[in-house]
Amino acid sequence: MINKVITKGEFEKFISGIIDANETIGPKQVDTDRDGKPVYQFRQVKSFGEMDLDYTITYSSVKNFFLPFREELSRFDFSEKDWDQTVEYRVNPRAIIGVRPCDINALNILDKVLIGGAYPSPYYLARRRNTFLVGMDHEPLEDCFCESLGQDTVHRGFNLFCEDIGDKYYLTIMSSKAFRFLENVKVTDPTKEDDIKFHERRKRLRDMFKTKVEMTGLQSVMDIEFKSPVWKKWGDKCLNCGSCAMVCPTCYCYGIEENIDVGLKSSRKERVQYSCNLVDFAEVAGGHNFRPLKEDRLKYRYYHHYRGFAQNGDEPICVGCNRCGRACLAGINPKDVINELQLES
Amino acid sequence: MDYKVPKQDINTDPLLSKSPDFNRKSAVMKTDKVYKCEIINIVELTEFEKLFRLKIADRTERELFDFRPGQFAMLEVPGFGEVPLSITSSANNKEYIELCVRKAGRTTEVLHQARLGTKLGLRGPFGTSFPMEEMAGCNILLIAGGLGLAPLRAPIYWASENRNQFKEVHVLYGTKEPAQMLFTYQYGEWEKVNNIKLHTIVEKGDSDWKGRTGLITELFDEVTIDPQNTYVIVCGPPVMFKFVCHHLNGEGIPMNRMFVSLERRMHCGMGKCCRCMVGSTFTCVDGPVFDYWSVLNLKEAI
Amino acid sequence: MEYLGIEPKKARIGVFDFTCCEGCELQLANKEDSLVDFLALVEVVNFREVSSDRGQDYDIALIEGSISREDEVERLKQIREKAKILVTLGTCACFGGVNSIKNRFDIDDVVSEVYGKNKVETLPVRKVSDIVKVDLAIPGCPVSKSEVERIVVNLVTGAAVNLPKYPVCVECKQKGNTCVVDLGEICLGPVTRAGCDAACPTGKTGCLGCRGAAEDANFDSLREILREKGHSDEAIDERLRFYNAFSEELKNEG
C-alpha cells in the first residue's frame, strides 16, 4: 500500500485517461424521485462529465457487474447421438469508478463466498480480476448504518481508493496497475498537512452517522430468536417481492435454469439471481416447500445476513448500506427489525 | 500515456491451487464442466425407480472420479437440467457408478425415457460421507425407509467388501408396500454371501406378502443393540429418522455415532446457491451426511 | 432429443380466436430472428392469421380471447374435444381480460351503447376455464413471444413447463427502474406474476396485473402500502379489476 495525493484537476485527467482506454462504469444520474432528487445507478460512461462522483448512493449496488442477474454457465450443442459442452468464463477488462467503501466491502464478502470456498466460481473470479476498481469515500446518508457494522471504511479489495480532503484526493494505491497509471499524471507524497486533513475527513464522516444498529451478540440472538413473534409481524407486511435481494450488494443466492433453444440444436445452462424471499426458493421436486410462510422466507434472509454461514466464516454479510430498506415498499429495514429483536431478547 | 487495463488470465490465479476442481487438477477451473458418461445398463427397480449404470467415457476422468459412501453426484441431462443423486454403487468400483432415479419431476421423467448408450453428464462427487473406517470393529445398523435404501447401498457394499472388519451388520428396511422395495434381487446375496442380517417391514402388505407389517421402529425388537459398540446410518423421510434416532438415543447409542443423510434440492452442489440450506448449513457441502447431534442443532431440519 | 433416443415430435397446433383483439396471435408471428425456427418446431394446421389451412387435426389448441357469445361456447367445446392440450393464450383467455368490463353493466345498456338499435346476441364475459378444462395458461396482454417459444419448446421436448411464481418487482429491479409506487403511482407489480420483463413499469406506468396473481402474493400488505401513499380503496379496486385477473382475491376480501 502506497499513499499519495492528487489535485482534483489532475484526478479528472487521470480518470478521463482510464475512460478513454477502457470500458468504464461509473455513477450516473438516471432519474429523479418524487421530491425531485436525483436517482443514481452504475452505468457505462464515455466521459468524466457523465459521472456524478458526489452521488449520494446508487439505487442498486455494483454487485451485478460481477454477478449478472442472468449469466451463461455453459452450453450444450447437440448432435445426432451426442452433445458437446462449452464453458466460457473469460471477460474483457474494464474499470469501475467511484465505488463506496460499503460496496467494496460487499465485494470482499462475495470474494470469500464465491472464490474462497472449495469450488471457486471462474465466472465471478474472471470478472473480479479483470476489473480496475477505483473507490471513493462519501458523506453518509441519514439511514446509512455501515458504521455499526464496521464497514464504513475499507482497506483492501480495490486498486485505488480516494478520500476527499478539499481540493485534493488522498490516495491509497493497492496495485501496481494503479501505481503505473498514476505515473501519467502529477501525484505527490502526502504532506503533514494532508495527513491531518485526512484524519479530519475520516472523523467528520464518522461523526455524521445518525442510524445505529445494535450488533452486539447479534449472531447468537439470531439463533435464539428463531421463533420470535417479530418475524410474524414483519412477515405479514413482506411482499416477498425480492426487491431487497436485487438491490443488495451481497445477496448472492441463485438458481440454475436450463433452456433448449428454439431450433432444438443447443441448450443454455444459466445462473439466475434469486432471493430467499421468493415463494419457491426452498421448493423441491414434487412441490414440497420447506419455507411455506412469508415470515419463514423473510426471516431466512435476515438469518443469512446477520448470523452468517460457515462459507464466509459465520460472519454477517450485511454491509449496512440500507438499500434493502429504501427499496422496501412495506418499510421493512434492518434497523427496525434488528433493534426489535435485540430489545426483545 | 497508457491507461489500458491488461487482460488477466485467471488460470494463473493463486486461488486455484486449493481448488479441488473435481480432482482434475487442471489449469482451468471447470466447476461446471461435466464428465461425459454413457448409460451401460438400466434396471427397472419399481414402477417409479430405475437404476442407471454409468461409465465415464474418458479413461483419465474415470480414474479421477473417486467417491466415498454417502456422497452424491449431480447428473446432467443436457437440455433439461441437473438432478442431485446419491451414489449407490460400491466406492471400490472404478469401472462404473450406479445412480437410482425416482420419477419426481420433468428432468427425471425424461431420464426414465433414456436408453442404453445415451450420453449424460456427471459432476462431483460432492458432500460429506459416512466414516466407514471409524466403524471398524463395531456393529453397524443400516436403517432405511423407502428410497432411503439407495444411499445405504454404498455403505452396504463397503461392509460386504470388508466384512471381516465389522461385527454384526443389520439392514432394517421399511416401505409402504411390498412393490416399493428396492434392490430385492440382491437380498439373497447380502444375507447368504455377505452375512448381513436383513429385516424388512411394510406398512401395508399384499396377498403375497409373508413378512411383517407396521412401522420401521417395530423392527428394533429383532435386533439386540450393544450401544457402546454400534454405529447407525439412517436414511429416509424426516419423520422416520426423527423417531428412529430418538429411539436409539434412548438405547444409549452416542449421538456422534448415528449418521443421517439429509435431502434437499441442490442447484449448484458447491455451497453457493443456498437452495439446499437448512438453517445456516449447506446440505451440499456440510452434508448430506450429518451426525445426529449436528442434525439436532440445525434450524429447520426436522 | 435425438441424443436421448427421443424423437422431438412436431407439435400440430391450431390457433383460435374468440372475443379479443388478436394481438396475442400477432405476437406469435413476431420476433423475426427466431420465427423460422419456431415455425419449424410446429406444424400449423389452423391459424387464420398466418395460413389459409383449416385443418382439424391438431394436438395443441392455443385459445385467444374470452367467451362472450353462445356460438363461442359451442365452438370452444368442439375444440376441447379435438385437442390433446388446450392452452389459453393471453389475459382475455386466462382471466376474461379488459372485455370483462362489460359484466359490470346492464347487458341491454351495453348493447344499445355499442350497437345502437342493432340487436346483438351477447353473454356476460367468461374466461375459458369457466367453460372447458384448460391444461396450460400463458397470461399476458399481449403474451410474451419468448415465453411462448420457451413453452412450446418444452412441450415438444417434454421438458418442464413453468411460469415464474414470483412477482414483477424482481424483473423491475433487475432493469434498474425507479419504483413507480415511490413516484406516486398505483402499481400491481408486487402482486403480479413476473415474466413480462416489467414492461409497463419500465415505461413509467404502474403494472395493471395482466399476468394475474403471483403465488402467495400479499394483497393486504400492498393495499395498506397504497393507502398510506394516499390512494383510495376505489382506485386500488379499479386497478385490480382492470383485467379481471384478480377476481378471486377481490372476492376473498368480501
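Chains: A, B and C, in written order; residue numbering restarts at 1 for each.
Note that a contact is a pair of C-beta atoms (placed from the backbone, for glycine too) under 8 Å apart; a residue touches a chain by one contact, two chains touch by 3 or more.
Note that the coordinates shown come from a computational prediction; the quantities given were computed from them, not determined experimentally.
Comparing chain pairs A-B and B-C by the number of C-beta pairs in contact, the larger count belongs to A-B. When each chain is reduced to the mean of its CA atoms, the one lying nearest the mean of all protein CA atoms is A. Taking the mean of the C-alpha atoms as each chain's centre, chain A and chain B sit 37 Å apart.
We define each chain's centre as the mean of its Cα atoms; on that basis chain B and chain C are separated by 43 Å. Shared interface positions of chain C, defined as residues touching 2 or more other chains, are 1, 3, 157, 159. Chain contacts: chain A has residues 78, 81-83, 260 touching two or more partner chains. Residue positions of chain B with contacts to 2 or more other chains are 78-81, 105, 117, 119. Within the complex formed with chain C, the chain A residues making contact are 30-31, 33-34, 39, 41, 59-60, 64, 69, 78-83, 236-243, 246-247, 259-264, 273, 275, 278-280, 294, 327, 329-330.
Those residues of chain A that touch chain B in the complex are listed here as 17-18, 20-22, 73-74, 76, 78, 81-83, 85, 87, 89, 92-95, 113-122, 125-126, 129-132, 177, 181, 184, 223, 226, 252-258, 260, 267, 269, 271, 274, 276, 281-286, 290-291, 300, 303-304, 307-311, 314. Residue ranges on chain B touching chain C, taken from their complex, read 77-81, 105-107, 109-110, 113-115, 117-119. The residues of chain C lying in touch with chain B in their complex are 1, 3-6, 157-160. Considering their complex, residues 1-8, 10, 13, 15-16, 19-21, 28-34, 36, 78-83, 104-105, 108, 117, 119, 121, 263-265, 267-268, 270-275, 277, 279-282, 285-286, 299-300 of chain B touch chain A.
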